[in-house]
Amino acid sequence: MSSDNFNIDLDRKGRLGFPEVIFGQSKTVEQLKSILAYHQQQAIPALATKVQAEKAQPLLAEFPEAFFDEESGVFGLNLNDSNKTDPAIVIVSGGTSDAYVVNEVFYTLRYLGVTASRIQDVGVSGLHRLMNRLEEIKTYKIIIAVAGFEAALPTVLGGLVAQPIIAVPTSVGYGVAAEGQVALHSLLASCANGITVVNIDNGYGAAIAAFRMLHTFKPNQP
Amino acid sequence: MSSDNFNIDLDRKGRLGFPEVIFGQSKTVEQLKSILAYHQQQAIPALATKVQAEKAQPLLAEFPEAFFDEESGVFGLNLNDSNKTDPAIVIVSGGTSDAYVVNEVFYTLRYLGVTASRIQDVGVSGLHRLMNRLEEIKTYKIIIAVAGFEAALPTVLGGLVAQPIIAVPTSVGYGVAAEGQVALHSLLASCANGITVVNIDNGYGAAIAAFRMLHTFKPNQP
Amino acid sequence: MSSDNFNIDLDRKGRLGFPEVIFGQSKTVEQLKSILAYHQQQAIPALATKVQAEKAQPLLAEFPEAFFDEESGVFGLNLNDSNKTDPAIVIVSGGTSDAYVVNEVFYTLRYLGVTASRIQDVGVSGLHRLMNRLEEIKTYKIIIAVAGFEAALPTVLGGLVAQPIIAVPTSVGYGVAAEGQVALHSLLASCANGITVVNIDNGYGAAIAAFRMLHTFKPNQP
Amino acid sequence: MSSDNFNIDLDRKGRLGFPEVIFGQSKTVEQLKSILAYHQQQAIPALATKVQAEKAQPLLAEFPEAFFDEESGVFGLNLNDSNKTDPAIVIVSGGTSDAYVVNEVFYTLRYLGVTASRIQDVGVSGLHRLMNRLEEIKTYKIIIAVAGFEAALPTVLGGLVAQPIIAVPTSVGYGVAAEGQVALHSLLASCANGITVVNIDNGYGAAIAAFRMLHTFKPNQP
Amino acid sequence: MSSDNFNIDLDRKGRLGFPEVIFGQSKTVEQLKSILAYHQQQAIPALATKVQAEKAQPLLAEFPEAFFDEESGVFGLNLNDSNKTDPAIVIVSGGTSDAYVVNEVFYTLRYLGVTASRIQDVGVSGLHRLMNRLEEIKTYKIIIAVAGFEAALPTVLGGLVAQPIIAVPTSVGYGVAAEGQVALHSLLASCANGITVVNIDNGYGAAIAAFRMLHTFKPNQP
Amino acid sequence: MSSDNFNIDLDRKGRLGFPEVIFGQSKTVEQLKSILAYHQQQAIPALATKVQAEKAQPLLAEFPEAFFDEESGVFGLNLNDSNKTDPAIVIVSGGTSDAYVVNEVFYTLRYLGVTASRIQDVGVSGLHRLMNRLEEIKTYKIIIAVAGFEAALPTVLGGLVAQPIIAVPTSVGYGVAAEGQVALHSLLASCANGITVVNIDNGYGAAIAAFRMLHTFKPNQP
Amino acid sequence: MSSDNFNIDLDRKGRLGFPEVIFGQSKTVEQLKSILAYHQQQAIPALATKVQAEKAQPLLAEFPEAFFDEESGVFGLNLNDSNKTDPAIVIVSGGTSDAYVVNEVFYTLRYLGVTASRIQDVGVSGLHRLMNRLEEIKTYKIIIAVAGFEAALPTVLGGLVAQPIIAVPTSVGYGVAAEGQVALHSLLASCANGITVVNIDNGYGAAIAAFRMLHTFKPNQP
Amino acid sequence: MSSDNFNIDLDRKGRLGFPEVIFGQSKTVEQLKSILAYHQQQAIPALATKVQAEKAQPLLAEFPEAFFDEESGVFGLNLNDSNKTDPAIVIVSGGTSDAYVVNEVFYTLRYLGVTASRIQDVGVSGLHRLMNRLEEIKTYKIIIAVAGFEAALPTVLGGLVAQPIIAVPTSVGYGVAAEGQVALHSLLASCANGITVVNIDNGYGAAIAAFRMLHTFKPNQP
């Protein structure tokens, strides 16, 4: 595959404040190798999302220093390794099964230089779990709420906290919930409280959306 | 229209404990007149649901003593008029807009001899509204929870009370919520707590389902 | 994986009368191991549903005394072993192919201390099969009806017996029936008789719903 | 509108055994007038289906001798008036609300020279209503079964009688049943017994399908 | 697995004229083995449809004299081996890819004692292919038309021949056509000519529907 | 409404070869008046599509010289009145009910200076109607094929003629066909012959697509 | 209707920073009168969204000083009348037909004390219209992008500006676009640039989401 | 498999100008072998699309001189090997992941004797990538635009160039975008500019559609 087949948007960081992220799921190993090699050659970090485990193997063989999170499929090259938690963003999730999306948010933000906090498994079927952490959640500037099944967590949060809430429906569930359609539609229908929504399993998009807020309102921060 | 065109299931009360209810929505005025006249002739009460206001007018002209609730479209003939609240069943709703379904549950139960309580407009986008009434709700044996939009109320209730919960999605909403599909699917996907669901706007069905429990477990009551 | 990633709702039994059940399908083997180990450490029984066979293998290796039902994917730890049939609940199914859901209902109820009866393969395409067992079915307090394809069994049952009926659509079928949507919608549309419905393949939810009735109306029983 | 805009398939009767029927629903009054006038001029009978009541008024003014059935929207011109019941075909329906489709079948068959019988309101939520008429139903050669909501009637019939069964789903219902999709899919999924299905509310199509059988197997009859 | 878990409808042949057929797709190998063994024990032939190749292997090992058609997944035991073509039924298909459904129709009919003809790959994108066989097709009493993608073949046939046409949509296709929904809906919408439809890939159902016609109208034949 | 609220794309003709067309359906009468007045002021013709009859009345009162086609809802101002048929484009339709879309194509083309031919009501349920006109159809350069219900006409045409075929599905139909989804999907699935498709009822889009071909390949013509 | 039927969430402003807004679409005139009267009595402003014109008439008769915007259906009582444009928020729309949603955003923000700017009819089918206003758009802190049909405007904007973008799909369109599903899904699928989405036609939700950002990041501003 | 099971449309090239292409996806290896052998025997080239890699292996073993493109699944036999780029057609794609469809277009055109150009990865989330190539794109006669996710590229192109645009939605994406439905519907809804659309992933169809234009308007060329 020659470089005629891809066009890295190198200018994006200048234009938008954040660099391009590679969508790994539909690319062949050959396509990913070419694109990653190009980044390495240009000495710029790279992040690919939704890379399947079987595709990560040959990529790790080729780029042995790369980072791969099997749960989320995030594949990173030359990532900045900072681990300092930033008080701006918290990722809250409904259940343990949602961890794969929580991680996609987390690693995308880290790629952008922001280290978020995580509060997991506080779904509203046991409301006290959320209530126990509510005051802590209120200390952050932006809340990214991740939930599958009927996704009631962001709705309830929306009535309890004043901050911007970006909701990420996950494809966790079965029967009518399978593939995340119910979670998505439930979040969109949640009428009263001004939460915004991204695509199912789109942890990457939620991270960028949060970054846009920080970049605009706190330009000197991340 | 001759009586060849309908078959009242007169035996239903003996067989199942509850009489037949007439589905009014798709019947012509002529069909409804024939069926109601037949009930009147047999001196048995009758209840029709989802009767449109424009069809109720000629019916009320024909049966001036009939009862009609415009909000729900319930049309009753020779209903027992008892008003005594029964401690067994409470109907809880998310918003004022859901009142039309609350009323269908309420009047169907009264037709069956059960007078239920109503607690309306306690949706979870303002969680304290529900919390303020929680202890009261817990005093009932059966909870019928009515909600539109994303229908998070029954999910949250399911984590707070131990009683049987019959959830009724309503067609209140717009955009993705329109027609009640999101409310329905959200309730079905609500994974953790054993709530059961009936069709969108099916207040009648919820009432019968509750009646089945009372009839089976408290046979001497209603 | 640290215990920061999950929050067992240990209080659920006190609050609702039944303990939490683990949703196994979307959890990784590592997540399940952590959660099960925590239960074992706390000396409390655990039940996980929809655990895929390939995930059950390493779990059985780790917890050799565990119980695993391959048909339904139910995985149990330190389950109470009672086998005494309880006269309260009967699980009725339309076809042999529905057995995987029948078993999820059955083992979830047993985890809650209730041993239900099972009457399988009595779908209405051969009506006499159901009629032959009708009197027996009428002796139970609660009927859980499991059916795939067009799911006509619970509708017909609803016109024949007076007890509460909880219907579980299954994903058995092909063509338009695939994934259980037709069974689900058919059950919801079944207009006349007050049956209630849970999510497709949600044997667990039907078991909890039945348990809520027993717990409320016959508090000393299970 | 000149006759350039329509092409009556005058040859259809010779080719297929039955003449063309006009689909009235989407045609303007002007289009219908032209087409009907053409039939009158050619001295051939005409039948239009799904003609809305407000469009029938000006048509009846133009063709005062025409026949119009308001319930089904069937509009006929110069129909043969025979009323003799034919022992070949019976139309069975689940509920009174389905009468509009029953009539479309009935009048289309009469247009083709076949007078069918009608047995209405024998839905399976009260199974005895069907059982009471079963022996009578078995005396016919072809059964056209009309049902809305979850449409369980044809499924149950399919297990009880040996004749060809053509099922017509109706758009009677609300919530998930609205528009007849559940009835349609339920009939298609009905797995065991070889019933065939036509489009929702397609009484016309069922009549033609039945006519094809008679025409092929009993060529001298209608 | 004990025989408590299945109920063979042995009476079906007496009642309906055709014996029960086993739905193989959702049954486990163990379930199929039990059911087949029961048939063998009772010395009655058995036919299972949609048996996956990997499940057929252990079944063939257990029943080495059995017949298995890999293309359609039909599995037969003690089938009558007659090969005489019957002039009553022809199976017509749109493309080579539809052969798996053509075979399900063919072998189900043979199980019922009827040997049908097959005319394959005559889809209307090359209309002359159909026209070349039209006179031959007209010599049969019943046409079973099998088609995927947009399924225009049965529509065109419906305007050319007078016989009953049973259309079977197949799941052949991609993009919007995938899973056969377009073929199904296209057939149902095909307005003018009285074709009837069965579920996607339901070759079995089409065979039974055709058998009902023969059984009713030509009782001495198959 | 001030002119701040709309932005006529005056440059479109220079850039693309064709001027902007106004989408009338969702605009208020006030919005349409402002936009049309602006065109009149600039002395440029205007065309609005899908203008409802009740909105056309006040517009015709304001612009008495305007042209309005009630069937299609096309509203034109200062249209060039040429009537000369152009041998390049033919609009072929399946049924009389599709005339409203045929007209939208026709008047949009005339607005662009091209007068197309129309051949209506030649659907394939009576194949001879199409065959009778086939040689005539072959004399055109571009075929716009308009069809509702299952839309088999363009598929069959695709196998008979070599020219570009632009298919327009219409919303004519009922049951599964209602709203044109089946026609659309059927056309997209039509696998073999390279027809292209536009949105349901989008006569305007088909006209522009045809114009693009003429404009590119026969630049001196229209 | 007694005040038992509604529960104003009076505490919301204290808890979340913004007061409750009334969903007008599904409420009866009687329900709206009661709720508005209650607000008037408490001397607090009120805003209802999606109030149909025919319901606004009796409300305006009862509250003659009220404000009603017919395009959007926004109904306001005792609104603060400030008109000062705030440099923080711009509402950008694709077409004139989207004005009804632009207005819902605009008036909801004004109710919250924020006066936004509006740039309408800059859809990307004529890209220069957007490009001409791009530098102006970049001067705002938050962009609310409103678009129907395929909703490409927010996607293109997302690649050009660095600010937070809240996208509102509208129900403007026809054929596949009808009801706004395509606009919604297109926005959700828009993969690269971190835009967030609210429900179809949910101008109110977008306004609240923007308010959350201002409230959190610029607490002293509105 | 005998040759009774397939009917090569050998006449298609004479009739339509292009030969038949084999749909490989749903055919078994045996079916493909028979059909390819038949072509080889007749000494005519053959092209099969969407051949899965595991099926290509045995085919390549049988036809060692064949051509197979793993990315697109195109399998060719005796293809003309010309490589000369033709100035008529350019294939433009939104992202690297769309290459599999770009290749299906490319190789189908080559099979028809046309060598197209390719410009890949110029999606509008980074608009400058497209703008940089715009003048080059304008030099072609026909544009085939390939895009997944929300497929905004063809919409934007439609406002910038005057040529015919054939849009091919791809199944690249996840969440709501999965399977290409959003890309398809977005393209169909794209209102203003007369682009036409083919089925999801239907590179073959786009190639034939382009060929029809060349064949009709430039008959001496390919």
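Quick notes on this one:
Should a chain be cited, it is by its letter among A, B, C, D, E, F, G and H, assigned in written order, with residues numbered from 1 in that chain.
Here, contacts are C-beta pairs under 8 Å (C-beta built on N, C-alpha and C of every residue); 3 or more make two chains touch, one makes a residue touch a chain.
Everything quoted here is computed from the prediction, not taken from an experiment.
Copies chain F and chain G of the same chain sequence form an interface built mainly from non-equivalent positions, shared numbers / all numbers used being under half.
Comparing each option in A-H, D-E or G-H with A-C by residue number, the pair that reproduces over half of the contacts is A-H. Annotation: 34 Å between the Cα-based centres of chain D and chain F. Taking the mean of the C-alpha atoms as each chain's centre, chain B and chain E sit 45 Å apart.
Computed from the mean C-alpha positions, the centre of chain B lies at a distance of 27 Å from the centre of chain C.
Counting partner chains per residue, chain G shows two or more touched chains at residues 12, 20, 23, 125-126, 159-160, 173, 175-177, 181, 184, 188-189, 191-193, 199-200, 202.
Each chain pair that touches appears in this list: A-B, A-C, A-G, A-H, B-C, B-D, B-G, C-D, C-E, D-E, D-F, E-F, E-H, F-G, F-H, G-H.
Considering their complex, residues 4-7, 9, 11-12, 20, 23, 25-28, 31, 35, 50, 169, 171, 179-181, 184, 199-202 of chain D touch chain F. Put simply, chain F touches chain D in their complex at residues 71, 95-97, 99, 118, 120-122, 125-126, 128-129, 148, 172-178. Of all residues in chain A, those touching chain G in their complex are 12, 15-18, 20-21, 23, 141-142, 159-166, 184, 188-189, 191-200, 202, 205-213, 215-218.
Within the complex formed with chain D, the residues of chain C that make contact are 123-127, 149-152, 155-156, 158-160, 173, 175-177, 181-183, 185-193.
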